[in-house]
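Quick one: structure below, then a few questions.
As written, the chain order gives the labels A, B, C and D, with residue 1 at the start of each chain.
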Amino acid sequence: METEVVHTNFKSEEYFINMGPQHPATHGVLRLLLTIDGEIIKKVEPDLGYIHRSIEKMCERDSYQQIVHLTDRMDYLSANINNEAVCLAVENALQLEIPERVKVIRTIIGELTRISSHCLWWGVMGMDVGALTTYFYGFRDREMINDIMEETCGARLTMNYNVPGGLMLDIHPNFVKRVKDFIVHFKTKLPEYDRLLTGNVIFQKRTVGVGILSKEDAISFGASGPVGRASGYSCDVRKHHPYSAIDKVTFNEVLKTEGDTYARYLVRIQEMWESLSIVEQLIDNIPEGEHRVTTNAVIKLPKGEYFQKVETARGELGVYIISTGTKSPYRLKFRSPGFSNLSLLNHIAVGGKIGDLVATMATLDLVIPDIDR
Amino acid sequence: MTKEALQQLIGNWLPELEFTEEESQFLNIHVSPQNLHTLMSQLKSNPETQFDYLFCLSGVDWGEKLGIVYHLESTSKRHMVVVKVTTEDRDNPILDTVYDIWATAEFHEREVFDFFGIRFNNHPNLKRLFLTEDWVGYPLRKDYEDDVNMILY
Amino acid sequence: MILLSITENIHNWLFSIMPEGVASIVEMVLIAVVYLTIFAVAGLFLVLLERRVAAWFQLRIGPNRVGFQGLLQTMADAIKLLTKELTGTERADKFLYNLAPYFVIISALMALAVIPFTKEFHAFDINIGIFFLIAISSIGVIGILLGGWSSNNKFALIGAMRSGVQTISYELSVGLSLLTMVVITGTLQLSEIIEFQKNGWLIVQGHIPAIIAFMVFMISGTAETNRAPFDMVEAESELGAGFHTEYSGMKFAYFFLAEFINMFIIAAIATTMFFGGWLSPFGITESIPWLGVFWFLAKTMGLVFLMMWFRWTFPRLRVDQLLTLEWKYLLPINLVNMVVMALIVWLNLTIRF
Amino acid sequence: MSYFSDIYKGIKTLLTGMSVTGKYFLTSRKGAITQQYPDNRDTLKMFDRFRGEVIMPHDENNEHRCTGCQKCEIACPNGTIEIIWDRGIDEVTGKKKKKIDQFVYHLSMCTMCGLCIDVCPTDAIEWGQNFENSVYDRSALTRVLNKPGSKLMPGVED
């Protein structure tokens, strides 16, 4: 009886805190309902839907050309790759023959998008673990890519550059030169990233061994992209289901086996090198030709079901179109990488501290519009 | 494994399965709601199929029926299959959860519940994911009507 | 020199027109007012300095609009904060909630009293100077704890608890690393410590153990002021704003200012203890004593810059790693270091010019 | 021994990090990547493909190229474009012909997707590079793109 009294007196109590929807570490309007005991996290429950726009429902009334521009607004950091996914799905359904030039340009722009997304992630990752200066260094390099995009596509973030059948415009005359400049510039800056953050002892202490995700769990939770690859799960869509011009280049799929936050960090840094090498291989070999094949003004897909996967900066984006033969899809589902990656947050963050949660979440690289769609 | 071999193999497990391949790049398996869980756990655990990666789970409103489409891939054997299940009960559709087979299904099923109103047996935390708790109706159903935010076709 | 004669004149004039007791009280009040004004303004300029330095580290330009090169920016900010509404949470402990900022700012300003700028410009030269500094600088944490606890916000509470843990641990290192130097000087009085360094700054006199002590002092001093990489208390990516989440207007400004004054104090202590305070390098300006203020401030600003450099380069530690660093690394090193220092002093191995 | 090597390595990595930021501090004078936006307005030039707003160019005779075919209106995903038209008599041929009365463009609904410009058969509309689109009143974002009194350029057929 007496022991019980002592127990109630010194009971450690779990309590709830709301992380978000306005919180610096949630990168958007994600709300996490944390159950914590002191500093230790007992449960993480994401609360979504703060910017749900029901893109899937909107797609059911839009034409296929119009759907492409909605995908810009999902994972806005890899907008071009999202565009590409829908375009590839439509083109495959129509069995259109796409010019080589288009494929190569799409791949180059896709990889540049990936680098730009990872640059932003690197800056924000540093900021989440407390090194504010990384943010500006990451953005400096991202800015160069944004300028390239702006010159060729006309916009910096929501490009809508791909259309079913090719590209909206041909590449700008300056494109090749600018990309080459960027490659030279970025090759000197990437080692700096390592010196500033990767090697830093505090950063390593914060990330090594934190938020461990085993390979089995990664597959079971549907993790994809760098999150899955850091756990040793080979899930690069570019390797397993190559699309566009990706089969023309050689690149390594970056795999790590540790599955912790540091491994996820390293995978992304390595991926920037790989993407850079892909761009380097392709930039001198853009074939001449048309930038677009003409399609009907009203695209009607044959009745049937179509699935197209691409590898965005965050992982595997799937576009599942059910067509009944009309001008808009009967049902269109986006399998977004962030959604699956978020679902494993509770699994890997429990038992860590608040600081661990923030670091873990940073390496999951969540983009909330991608999750909320 | 090729589509034919898969069809051969899986067809032996349950007699009532329907296979289609037309209008799709994958092998489609239609299964009745009663046998869904059995088939799914078989697909995951059978050493020859090993579908351990559920990469897409979509709810579909087929008009009269409500259904779910599961896209499965095997990470070791690299073959894919699509499993479809439908229920005709539009007012109170209930299906079995596959959360215990693939953990990712927890969130995907919550999403389906949110937008299509399909309930899942044995789901650990079945509640609205995106919409608020007091939302009336299931927006991605074809018969959903919203007078405020009208969607014009 | 002119400055000193003015203080002399005021002193004489005050004592000539009123009885001795009243005069000394009035004099103290006058000195306090002067100090408060100087350091409130100096604190504001430190904020500006931090912002400019941060900008330069980050490839930015920094505030350059208000006044020449943005010199009046923080003044404008302070005026803005003065006019802002003081918000608070509904069920806050009103008394403690209002008390906390004053605790923090007063303890920060109190420590300034014993800092020797030059031989003459030294408000309060007590014989237990260092002891006083250590004691005062640990009072500030009470204000942070009160503020975090009373504002009825869980983020603030977590921040405050972290602050308590942090200060209790690092207090030890600050004290021990200073004590290591006291082993050489044999006195706690700041003016005597500086006089003692006429034969070489203590960091030179004590060579290896002194350098280690200096490093330990800078690390734990940074922790003491709750600055990055030890800004667990605020940790904006984890706790939003930490203990001052619920403070606004001037109360927030007090916390903010206190942080910068504390940074100045830590740098000033380091200057006094390791770099010879107001003494010029190699005694080049010994004949002009009032230049001591310049040397003191120059050294202090150098150390302040070092702390800013830390802040804008390093990631933040986690709360348990913070304690690991203190108890597993700094404390044992410190204790050994003190023994080594004692041996060096005993064997007369110090370097003197 | 790993205790001391840990300390040594730790300090070394910290100093490496500080050298990176320190280098940028020293070269900060020329290295600022931010722009002094309202000050550099004169020199700030957007790329010629930049999508700022949809404009309808007019030539010196106050003539535009829009035939009022409404393809842009159909292509727009958001209902940004509204074309108010009626039948007019063509001056040359004397036949009845579709002619725009007002080309209404709701900038507030525009997502800059470029589908309207992509689909336009006569290149009547194109991108303007103006990005300073903020106004005090929302109604000012609804614009009529064809100038008052303007008419179709002769010879433009869809």
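Here is the rule we go by: a residue touches a chain if its C-beta (ideal position, glycine included) is under 8 Å from a C-beta of that chain, and two chains touch if they have at least 3 such contacts.
It should be emphasised that the depicted structure is a prediction, and the values quoted were computed from it without experimental measurement.
Novice: So which chain is farthest from chain A, going by the mean of the CA atoms in each chain?
Specialist: Measuring from the centre of chain A, the most distant chain centre belongs to C.
Novice: Which chain wins if you rank chains by how close their C-alpha centre is to the centre of all protein C-alpha atoms?
Specialist: A
Novice: Can you check how far apart chain A and chain C are, centre to centre, with Cα atoms defining each centre and the answer in Å?
Specialist: 45
Novice: Could you work out how far the Cα centre of chain A sits from that of chain B, in whole Å?
Specialist: That pair's centroid distance is 25 Å.
Novice: Using CA atom averages as chain centres, what separation in Å is found between chain C and chain D?
Specialist: 52
Novice: If you average the CA atoms of chain A and of chain D, how far apart do the two points sit, in angstrom?
Specialist: 26
Novice: Where does chain A touch two or more other chains at once, residue-wise?
Specialist: Chain A, residues with two or more chain partners: 133, 136, 140, 196-197, 200, 202.
Novice: Can you pull out the residues of chain D that are in contact with at least two other chains?
Specialist: 14, 17, 20-21, 33
Novice: Could you tell me which residues belong to chain B and also touch two or more other chains?
Specialist: Within chain B, no residue touches at least two other chains.
Novice: Which chains are in touch, pair by pair?
Specialist: Taking the chains two at a time, the touching pairs are A-B, A-C, A-D, C-D.
Novice: Touching residues of chain D toward chain A in the complex: what are they?
Specialist: By the definition above, chain D touches chain A via 9-10, 13-14, 16-17, 19-21, 33, 46-47, 49-51, 71, 75, 77, 111-115, 118-119, 127.
Novice: Chain A touches which residues of chain B in the complex?
Specialist: My answer: residues 22-26, 28, 52-56, 58, 60-61, 69, 71, 75, 78, 82, 102-104, 106-108, 111, 115, 129-132, 139-140, 151-153.
Novice: Okay, in this complex, where on chain A does chain B touch?
Specialist: Residue list for chain A touching chain B: 48-49, 52, 54, 56-58, 60-61, 217, 219-222, 224, 233-235, 240, 302-307, 309, 316, 318, 320, 322, 328, 331, 333, 335, 339-340, 342-344, 347, 372.
Novice: Chain A touches which residues of chain C in the complex?
Specialist: 54, 57-60, 154-155, 158, 228-229, 231, 235-240, 312-321
Novice: Which chain A residues qualify as touching chain C in the complex?
Specialist: 15, 17, 23-25, 39, 126-133, 135-137, 140, 196-197, 200, 202-203, 205-206, 353-356, 358
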